[in-house]
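Order as written gives the chain letters A, B and C; numbering starts at 1 within each chain.
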Amino acid sequence: MDIKPARKYRGNKLSASAEFAIHLIVGAFAIACIVPFIFIIVIAFSSAESLRTIGYSFFPAEVTITSFRAAFDMGDTLVRSFFVSVFVTVVGTFLSLLITILYSYGLYRKDYKLRHFFAFFVFFTMVFGGGLVPTVIVIRNLLNLGNSFGALIVPSLFLPFHVIIMRTFFVTSVPTSLIESAHIDGSGEFRTLFSIVIPLAKPGIATVGLLTAIGFWNDWQLALLFIRDRRLFPLQYLLMEMQQNTEFLRRNLTMIGSASGINLADLPGEGLRMALAVIIVLPIACAYPFFQRFIISGLTVGAIKE
Amino acid sequence: MKKILLALACLTLALVMFAGCGGGDAPTTITVWFMGGTVADDSDVIEAANERLQELGLNIEIEPIWQGGWAMGYPAQTALDTGDTDIDVFWTGSWGLNFWTNAALGNFIRLDDPENNLLAQYGQGMRNAVPTALWDAFTTAGPSGFGVYGIPGYKDYAQMYAWDVNNTLLGELGFDFYSIFDPNGFNYDAFFDPQFEAAMVAAQELHGPTFFPLVPEPEMFARALSNADFDITHTHAFHFGFDPRNPALPANPVIGLNLENDLYVRVLERLHHFWNMGFIDPRLAMGDQASNVMVEQRNAGEYLFSAVVYAYGHAGQASSERGIDARFPRISQAIVSTTSAAGSGFAVSVYSPNQGEAVQFMNAWYTDSELATILAYGVEGTHFTRNADGTITRAEGATAVYNPWRFGMGNIFVLPPTDVDGPGYFERFQTYNAAGVGTALVGFVFDTDGVTNELAAIASVRDRFHGTLTVGAVDPATTIPEYLADLHASGIDVVTDELNRQIQDFLAGR
Amino acid sequence: MTKFITKHKKTFAITLMMLPGAIWLLVLRYIPMGGLVIAFQDYRPFPQNPTFLNNILNSRFVGFDNFRFIFATDRAWNMIRNTLAYNAVFIVLTTILSIALAVCLSEIGSKFLAKTYQTLMFFPFFISWVVASYFVFAFLDPTFGVLSHMRNWYLDPAGWPVILTISHLWKSLGFSCIIYLAAITGIDQGLYEAAAIDGASKWRQVWAITIPSIKPMIIMLFIMAVGRIFNADFGLFWNIPMNMGPLQNVTEVFDTYVFRVMQAPIAGAIGMATAAGFFQNIIGFVCILGANFIVRRVDRENAMF
């Protein structure tokens, strides 16, 4: 059974002036969002000399590709971390979506007897947590997940925030009557979920999926807590380490001085850090349209000017 | 339904798979968390080190963790706090993973515990190889009584502040280095020399107003001059009544507040004057920016005066890297304090299941030149070659593959020098160390129990004023009273009293 | 037994679906909660056999000592005020603006442009606060900054509440906007059709159909945001003002304060950090109950519980 969304139709169209105003406001905000990224690209292409003499500028005194070359000189490290990030993101997002959908479905079903219990069960963990130390101990000692891919995936498999969002999507986009009629047709719970609810809630699932994927991609804290083997460092952690080292060294400068031999000149230049920041964004930006298809396409079908 | 079960089965399988890592058999694996460095691939190095360990008759394998810098702060501390049993030995010191707080907390084991004296049992070699003054710095009070909780790294342990002068530029400007600085004396007063200022004016006339001749490392500049070096509380709030113009150290130091010390206040006023003159890059007042700007300006040789904690052998290296004649006239006597003596060391985790083997490994590493050389430089033939004069030459590109932070690698005096160091390097190094004057407080460690809340509050107050005050960005005349008022309100007097009480006890007990 | 299962087949099947999530919650959220006890302890390793359980059993209870540092300075109230005030402003502005943006996006005729706008809006999400702080710095840099002729921004607290608010909106609008947009997409289009036939204007349709339809989502996001009103965005408040002391009056929030304090060499920081988190939990819990109570009064159907 395949439910097609009702034909999109938006009745009267916006007036030309209203449409123009919307483009102006939304467009301006969109540009404000992308400009800093362009700025980062510019810095990544600026020479160190330029950064020193005229500061951060959209118009560098001198353009160079040294930073990107330095980034790619990291070679193996970079490639390996890239694949760690991709693997964690793909596997993590898939598993996380699955668990989240299953759990949210129960919360969405008003006729499910244990609904209130499970709703509170998940909600309570949003406000209360055991703190860092006990959580780390459970993951490392009880689940034995230290220094492995599991440590990068399992701890963020199931986020209460996403469950509640997902449930709300089910509530707003799947009419209860559909579920009832499916049951009268003799459809089992799993079939109802997969053939009725999920197709209807595609925009919501895509949204949660996107948020989950970004969460996995951007995460560096799990690596910080659990990963000791450099070969398992995700991309974000490489960047984080570079950025934090500068700050760390500054705080400890007076101490390090005596501990001669740590050469401050070896710190990654800003250009390299920016180049890495650019490299990190690109893959997920490419994956973005995949999710977006489900979020936007349903929306504007009826509004295309015929 | 089948799909779901299949997916769940996959999930379980995946979890089991990920969980299945770990284990170990015959030789005991000792995991050591080092202070890092550049290590892209250590596989053949570790293999060679393990072979050497077998040759030495130890059934031990070593597994290193190379996450240094920041990772040595927060992540390493978290590993300890969460009782990670996989890590046996941690790098530690007066910075990074703090030795004293962790020893006091009981995160490190007491090595000379009378009930289980691992140091006497396995560590006599390294005990004898490292001077007693350094062991003193790693001797402190912990849950198992007063004793040795860490193994000192043996490297430069005297600490000295120096000016960092771009003599090439100074000459261009027509100033004579020797009329401002005395290469044999202590140059505290140079800061107040009219020529010091005149040279900076001339530098800006030559290179324009966005050339900043003075590069004060935040904190260091001012501290160099007040000699508040013994930063036992990490608050930068205290001084020890030591006058840099007089190299004699007080035998009976009494703690006071830096901000109430005339020497320190004079420096801050002078800095603020220079800030107003436009000699200091305003970016130096701000966090992350400061270190970038500072390092870049100095590395490019675009400065006239700066101040540094002088590291042995730094002058030649700095000059060649920057392409200028960089000179480092002393500001103060090289001193040995608890802080400088504990610049680098190692400690055995209380959570380590292999504490005895860990000490055995450390002992072998501190005393066996071959093992130490492998871990510091890599494999002979692959990463370096030996020369007739006793030095080694690093192979082309080897430092990009394997180059740990050498000074954080235990006992560096069992290593051969590199050809860059030159033959006899470590002998000269020892002479430099020996010239350091021990303070009356070497070995004193502040027990912070009981003043925890005050220290927390002080840390917060410090951040509000310290960064800007110590590069001259704000007016000391208005800021210092405000700063002091907040410090007093945060209970700094309680800390001062406690500090003085503990110091008197320490001095009485020696 | 079989009879029981047949009778409760539906409940059974759905409970089976809940299990993976429930087990995860039990293991990774509920079990660690037992560790909260260290907020009231002088937590130390037990030298003889230092397992977590032994450490807890053998550590001394110190009552509320670990919480004292929160109020240790006379600026404590300043820091608490900042945390609550910023978050309150953020919640209100983010909610209103992201709904407005989502509605606008949904009304745009050109699918291509709507997609483009939306893609661009998501970029801030990928830019870490450290990197974003460089961008702000480019404008405010005391030497080369575009706006540096006005004043030395990093020494003068005036203007920072606005800068921080703009930075927050810049980073978070794209995120909440996409959730609302997806909710709007899920609205049954028949409703609009019917309204158009009745002659309702666009504006009227937004108020009569769009907003009521996504109301559950608005309320849910609002309640959840209120629950985190005492959890400040550390990255924002730490990196954007570049940790400048003179700005602390308007930039210090609970999370930055705790981080700052933890830099001091204090044995026993674990207890203090746990206590700080616990304190935030309690405040969040009270706030969320309050918000939920109000929602229940106004609109019982959409309350969280």
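Structure notes:
We take it that a residue touches a chain if its C-beta (ideal position, glycine included) is under 8 Å from a C-beta of that chain, and two chains touch if they have at least 3 such contacts.
Quick caveat, the model's predicted, so the values are computed rather than measured.
The chain with its Cα centroid farthest from the Cα centroid of subunit C is B. A count of contacting C-beta pairs for A-C and for B-C identifies A-C as the more extensively joined pair.
Centre-to-centre separation of subunit B and subunit C, using mean CA positions: 37 Å. Rounded to whole angstrom, the centroid-to-centroid distance between subunit A and subunit C, based on C-alpha atoms, equals 15 Å. Residue positions 17, 20, 52, 130, 137, 141, 143, 263, 270 of subunit C are each in touch with at least two other chains.
Of all residues in subunit B, those touching 2 or more other chains are 4, 11, 81, 83, 210, 283, 287-288, listed in ascending order. In subunit A, the residues that touch at least two other chains are 55, 98, 102, 132-133, 137, 141, 143, 154, 188, 190, 243, 270. The part of subunit C that touches subunit A in the complex is made up of residues 10-11, 13-15, 17-18, 20-22, 24-25, 27-36, 38-39, 52, 101, 104-109, 111, 113-128, 130-132, 134-135, 137-138, 141, 143-145, 170, 173-175, 178-179, 181-190, 192-193, 195-197, 200-202, 205, 213-214, 216-217, 220-221, 224, 227, 263, 270, 273-274, 277-278, 281, 284-285, 288, 304-305. Residues 17, 20, 44-45, 47, 50-52, 55, 68-69, 72-75, 130, 133, 137, 141-143, 152, 154-155, 239, 242-246, 248, 257, 260-261, 263-270, 272 of subunit C are the ones that touch subunit B when the two sit in their complex. Across the interface of their complex, subunit A is touched by residues 1, 3-4, 7, 11, 14-15, 17-19, 21-22, 33, 38-40, 65-67, 69-71, 73-75, 78, 81-87, 93-96, 155-159, 210, 217-220, 223, 231, 283, 287-288, 290-293, 295-297, 299-300, 302, 308-314, 321, 339-340, 343-344, 405-408 of subunit B. Per the touch definition, subunit A reaches subunit B in the complex via residues 48-49, 51-53, 55, 76-77, 91, 95, 98, 102, 132-133, 136-137, 140-141, 143-151, 153-154, 188, 190-191, 194, 224-225, 228, 230, 241, 243-250, 252-262, 264-267, 270. The residues of subunit A lying in touch with subunit C in their complex are 5-14, 18-19, 22-23, 25-27, 29-34, 36-37, 39-40, 43, 54-58, 98-100, 102-103, 105-106, 109, 111-114, 116, 118-123, 125-135, 137-139, 141-143, 154-155, 157-158, 160-161, 163-165, 168-169, 171-173, 175, 188-190, 193, 200-201, 203-204, 206-207, 210-211, 214, 218, 239-240, 243, 251, 270, 273-274, 277, 280-281, 284-285, 288-289, 292, 295-300, 302-305.
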